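Look for chain A in each of the two complexes below; its partner is chain B in the first and chain C in the second.
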Partner chain A sequence: MKTILRLTICLFLLNATYTSCQSKMVQINGGEYLPLYGRDSLNVKIDDFLMDVYPVTNKEYVAFVKKYPKWQRSKVIKLFADESYLREWKSDTILGENQKENSPITQVSWFAAKDYCEYQGKRLPTVDEWEYVAMANKTIPDARREEAYNQFILSWYEKPKTFNQTIGSTFKNYWNVYDLHGLVWEWTIDFNSVLVSGESRKDVDTDNNLFCGSAAVNATDLMNYAAFMRYAIRGSLKAKYTIKNLGFRCVKDTKK
Partner chain B sequence: MKLLKTVYLLVASSLLLSSCKSEPKKEIAMADNSSIYIKGTIDAELTSPPFVPAPVGNRTAKKLLIDMEILEKEGTMTDGVQYVYWTFGGSVPGSFIRARVGDEIEFTLSNHPDNKLPHNIDMHAVTGPGGGATSSFVAPGHKKTFSFKALNPGLFVYHCATAPVGMHIANGMYGLILIEPEGGLPKVDKEYYIMQGDFYTKGATDEKGLQAFDMTKAIKEDADYVVFNGKVGALTGDNAITANVGETVRLFVGNGGPNLTSSFHVIGEIFDKVHIEGGSMINENVQTTSIPSGGAAIVEFKVEVPGTFIIVDHAIFRAFNKGALGMLKVTGEENKKLYSGVKQEGIYHPEGGTIQTMPNNDKKKVAVSNVEKPLAKKIADGKQIYMTTCFACHQAEGQGIPNAFPPLAKSDYLNADVKRAVGIVLHGKTGEITVNGKKYNSVMTRQTLTEEEVADVLTYVYNSWGNNKTNVSVNTVKEVKNSH
Partner chain C sequence: MKTLKYVLLLVVTVTLLVSCDKKIAKKTDKVTYQCPMKCEGDKVYSEKGNCPVCEMKLMPTSKVATKILSSFISEESIFNLTTKWNRQDGKEIELKELKGKTLVMVMIYTTCKAACPRLTADMRNIEDKIPTDLKNEVEFVLVSIDPVNDTPKKLKAFAKENFLDRQQWTLLQGTESGVREFANVLAVKYKQISPLDFSHSNIISVFNPGGELVHQQEGLGVDNKETIKKIIEIINTH
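Showing the complex of A and B:
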């Protein structure tokens, strides 16, 4: 009898964490860090904030468009999302056949992601905030020089169609945040503040603090070519673009 | 005298004038290419390697529409080794583009929605910033269009130039675009597209499974694979390119790199003509042509005799150990005047010995010696002799080399007859034999070993790898030797 009771409680607890965890946030302690493109004098200060543990899921986004029909596929304003917006969905409120409820939502524009977060009383992270949290591996806050950590990220970049996986299928990092690497790219609020002209070698002479590819000799973190690829994808985006490999998560400022 | 001086001056100045004139003329020719009138629009024919689109011929310059798709996809590097290639048009190298001087090329680059990364294209045939890379940077699920005027004739490389550039190239994002001169290239019978590339994998060469790209090896330029057309064997066996005796062959050869320069060579052919570095200068009667990474060459030759001609990077370990090997199969009538084939075959004895003879049956009495080493010592000494004398053909574990050298391990042929074995070591052997059910037909040369050494090495062999543990005595060796 006792065992059954214990099991039931256990199951109940499991279930509770499962349903609530999807929009659960964790505390990120701020600090200073040196971005990929930075020099010693360019340490960036990050304030404390809260970050979603997981990327926003298909299920959550379905609930969102039901509540805010202006973001339904048939009603969306073309200026705010290109024609691939939610393209794989069966209809305005029903997922496509191969899409799982617990997979990250993708094919949403920056405008849509931004609105989603704001309706939850949150916002999109800045590039610096995102990179700050994403430089942590399972055990340390800055693992950018760890070979295994870089290997993991790079092997993901070369693995096709990871957008079909479910949230939580990668690893929990130092901050208790999942899936920053391994599932999908993520929108940031200021994705286009780092200007990539599209010709990475040209960006060398423009003084915009971004060094790509062949200019990597100037970067503080020589071997972190994974990060170059993130800057490249961000540089290729426009706010209305919707991409199969690109989702998002939200953050929130901590009141002091 | 004065008159002579004047004449001299006149001649000199006219020479100067004419030489001044000839230079601006070239510039005018360039300017002409930029103002070549275009008439009509056509879709470009794109082909995957080793094929090339039909020649341009003497058509007028046109607006040429090119639609190219970028695909990131898993492919086979060599048997059992998979690799995720990034491709232009689904192949490595990317689709071949053929245009002519004066064409206005409108290029649309589409990045497949399932792809993970943004890409772009830098075409060396473009006169413009980034070779088009600036205008073609495209996110997954999107496309970009730009256009350019083909000003210079030649064979040019195109490649991706998105950060990290080296990685995009190392994953296979390169190809060739041919800009034909006014009136087209001279007609030939066969044309093919070959492009070399070096690849860097996390595992060692030939390590099985899905291999990831290795940036550290790439930076060290320590390639695991150097291949033609994206994989080991893309141009061998059934994939070999072909021609008939008497035909002229033109190869459009590129080198995508990212790192290594190619020493392009076709074994058994001399290039009648090479467009050096893919440009207008022609070299003749060339054995090996150097192709820089990010460069190309057009080589032409006539095939006069039939056979298989091996295409290699003559930095030769790349060819035989890293994959840079292709085949041109030529069929047709033999021409003994040009090439005889094998005329005679025999055993070569540097010391002037005659071709080996087989033992006869006349047996002579032999003086028996009593000097015999202990077995363990014989085996140890025999092993040393084996490793210096026999190892190369029969291999470390006596396993032999399939279809070439018979095995000594668990060998029925060896175990059946000790004296025959001694005879073979002493006198050499040619002709067909059957070992463990398999036929071998190769040549073993006579070994210059002392009687004691022969006894030692055979004792070692008989006492290794599951053989019947015969202790071959020096007397047995003498007996066999004297039976001749």
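Showing the complex of A and C:
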């Protein structure tokens, strides 16, 4: 009798850890949209996919580094992360004093974020996928022309230390996804795919001497200043950078 | 049944040992030999034999001996990347199998009409200017940014068309995630802009035999003097 009881408890616990480890995802219906920068300046087609409702949290990342020590602060190699990787943490597996378990993880490199998602059987979103979901406000899928929407994002960009807030503290958008704007910037798998910048001294977009096909690099909607900033920031990142207000979330392809 | 297990274990161990042996033997090819008595000062020979003065057997020089021992990969080495790649001959490799040579690497795709032929020509020009006796110390690597279209077969044809079908040229097809990761290590930017076209930065990167990035040349048709100087310098100091 006792064994059965123990077994049930075990199973129950296992189940509980399993569900808490796998963060919640929601369905995003694909479609076409015109990104700020695009392929031949045409509409981009997005397939259906699943997206994490929230950015990955500190708590989830602690669990991750416990399981995969190669991503612990003292073990991570220089090729994959710069010196400020998880710098605020007290130790390899303990958060800093001011860090909340439910705040988004930041100060992680692209390599770490990519691995995190892959270990969960997921992947990082593409820039196009991220922007597609993030152009929604509370009620409509494409709110880029709404003044209030742009106002909200731009005023967030001015606010300091929003990464200390907890997940879910901004609005739930049309797709039931939280916090795309308002807490942290997020890594994308192809963050550096648009040749908007780099070092400013060589910053000539249409320089054919530097870039093959650079004529395709053109902004379609210069009014979308907030998105413009995101693309600019992405363009200035390197994969091993670890920044205080840069986190990530994962996505997954929908099985067909 | 148990005996079978042991036999199997034995076979595996033996094969492992043998394959280790081979690797060491390969590396010692490049070893220089020296008289242990130093009868002729610091003079070295490229082949085994006896010292012409004291008749003692020539010994491998200690500098090379340390090279053999070091299986060490530094934190900044690209040999930390563990993704698998297909070579133009279809063989699957990991980057660390290129260890021991100075690497000159570039990212291209074979359907590119504008920049890649020039990038490839730049690579060839660099090869041309490396002194013949040092050529074996350098490996020229072209990594495709279009793993979907650039199959090993295509890469092989591309190598032929562009006069790269020689020993020191390696063309690699990876996975999409592996290519993205590699590009990020090089800080190469690229984006697919149509099914057959990519925009990408034109960078030729030089790595030392330990896989650490030492030099990057940016742009097309640029003066490659600096790059060549760096390559020769690396060969001579490693």
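Everything that follows uses one rule, which is that the second predicted complex is superposed on the first by the 207 of 256 C-alpha atoms of A that agree within 3 Å, B and C clash if a C-alpha of one lies under 4 Å from a C-alpha of the other, contacts with A are read in each partner's own complex, and residues count from 1 in each chain.
The rule we apply is simple: contacts are C-beta pairs under 8 Å (C-beta built on N, C-alpha and C of every residue); 3 or more make two chains touch, one makes a residue touch a chain.
Computed from a predicted structure; not experimentally measured.
Contacts of A:244 after superposition on the shared chain: chain B is touched, whereas chain C is not. Touch criterion not met for A:254: it reaches neither chain B nor chain C.
For chain A, the partner touching the most residues, choosing from chain B and chain C, is B. Judged by the touch definition given at the top, the superposed model places A:77 against chain C, while chain B stays out of reach.
In the superposed model, A:189 makes contact with chain C only, not with chain B. Looking at the shared chain after the overlay, A:120 reaches neither chain B nor chain C. Shared-chain residue A:110: touches chain C; no touch with chain B. According to the touch criterion, the shared surface of chain A, contacted by chain B in one complex and chain C in the other, consists of residues 198, 202, 212-214, 216, 235, 238.
Against chain A, in their complex, chain C makes its touches with residues 75-78, 80-81, 112, 114-116, 177, 180-181, 183-185, 187, 189-194, 197-202, 218-221. Residues 72-74, 84, 113-118, 120, 122, 129-130, 133-142, 161-167, 212-213, 215-216 of chain B are the ones touching chain A in the complex.
Remark: chain A residues 82, 84, 151, 154-155, 157-162, 185, 196-202, 212-214, 216, 223, 225, 228-229, 231-233, 235-238, 241-246 touch chain B in the complex.
Chain contact summary for the complex, chain A toward chain C: residues 39-40, 77-80, 110-111, 114, 118, 123, 189-190, 192-195, 198, 202, 208-214, 216-217, 235, 238-239.
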